[in-house]
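Labels run A, B, C, D, E and F following the written order; every chain starts at residue 1.
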Amino acid sequence: MPLSARNRIEGTVKAGEKGDVASTVKIEVTKPVTITAMIIKAAAEELSLKEGDKVEAVIKATEVLVSKD
Amino acid sequence: MPLSARNRIEGTVKAGEKGDVASTVKIEVTKPVTITAMIIKAAAEELSLKEGDKVEAVIKATEVLVSKD
Amino acid sequence: MPLSARNRIEGTVKAGEKGDVASTVKIEVTKPVTITAMIIKAAAEELSLKEGDKVEAVIKATEVLVSKD
Amino acid sequence: MPLSARNRIEGTVKAGEKGDVASTVKIEVTKPVTITAMIIKAAAEELSLKEGDKVEAVIKATEVLVSKD
Amino acid sequence: MPLSARNRIEGTVKAGEKGDVASTVKIEVTKPVTITAMIIKAAAEELSLKEGDKVEAVIKATEVLVSKD
Amino acid sequence: MPLSARNRIEGTVKAGEKGDVASTVKIEVTKPVTITAMIIKAAAEELSLKEGDKVEAVIKATEVLVSKD
């Protein structure tokens, strides 16, 4: 199903924890992936991001959806 | 620097696009990673998520921060 | 009160669940509404979105605020 | 495709606007829907949310994904 | 208007930038404020957060709504 | 560590609450800060935001990360 989200990362459920209202799920990703970020232009300039830079993609767990076929 | 975000994924900037206010950055990740998601418990139950399940982590590009040392 | 959020959808609380830190609320919406999404341009092109297309607006429950007069 | 997102709202693309990096899409929803929100418990208590309350679901456009079959 | 969002921070518009689809707004806040974060319990434990700790609240600009009376 | 997030607000942990999966943290901010928001251009125009306007930055607690040195 085509979806506007730029990041759809395949993996395997490794662990999970159930709370009363929320749960956490850990997904193991072994294949290489590309992560797309949209950031404020001023941030890209301040970090002077350019091809080849070593960076980290930082993502809060509350922002991750899970899809299962 | 310790950070509460559960997902800090190391990679290399591969490409980018500059807009007037926002920019996009593509980050190539080659090492295996684990992605943590926090979802509503009812969602975890509806998907009947369990260890070993093949799933996708779906993340909108606007939710990804970039960190550079 | 004017608010920058593009989507303010009127409804009626139907059910709720209280956790220790977080709660869920279900809101029944019976009037027709228009939902505005901001997505990466490349996503709009990939989905070739055009007037008249049948689509789904997908929203994680953690992203919804509740306002009450 | 089962997806953890609690809100999948069917509609029809009505209008759109293309920017250099980001686009907006307006989706007309005519069927009744139920919107699920996850909020801090203290917020639910402060608003004293209860069945039958008239409320608004407030959602920023950047938080909305679009899916098309 | 009561709103579930825990953080409503009063300030004065200082500057802004208009793009084709998105805009940025800078808001100067001079009064002391309290910022509430909801994070995964494991993150709070890993950072061993306790009263009196010096910390930073990190917030992506795309997550900030603006309200004006 | 340079980070793309536009808002990094220094403060002191004042209180916290631990749930089964999620926790809340209250951070006291006493220094003046500037908050940057990215909003849809149509929203900025509708609110007719201009320098000197008294506004509120509205941020859901789930969107706040915590960083500790």
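Definition applied: a contact is a pair of C-beta atoms (placed from the backbone, for glycine too) under 8 Å apart; a residue touches a chain by one contact, two chains touch by 3 or more.
This structure is a prediction, so every number in the text was calculated from the model and none was measured.
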Over-half contact-pair match to A-C, picked out of the listed pairs B-F, B-D or C-E = B-D
Contact tally winner between B-F and B-C is B-F
Distance in whole angstrom between the CA centres of subunit C and subunit F is 21
Centre-of-Cα separation between subunit F and subunit E, whole angstrom | 1
Residue numbers of subunit E (touch at least two other chains) = 2-6, 18-24, 36-40, 42-44, 47, 58, 60-63, 65-69
Which word fits how the chains touch one another: line, ring, star, complete or other?
-> complete
As the complex stands, subunit D meets subunit C at residues 3-16, 18-30, 32-41, 43-44, 47, 49-69
Subunit E partner, complex, touching residues on subunit C are 1-5, 21-22, 38, 65-69
Subunit C - residues contacting subunit B, complex | 24, 38-40, 42, 60-62
Quick one: which bits of subunit D touch subunit E in the complex? Just the residue numbers, please.
-> 17-24, 37, 39-40, 42-44, 46-47, 58, 60, 62
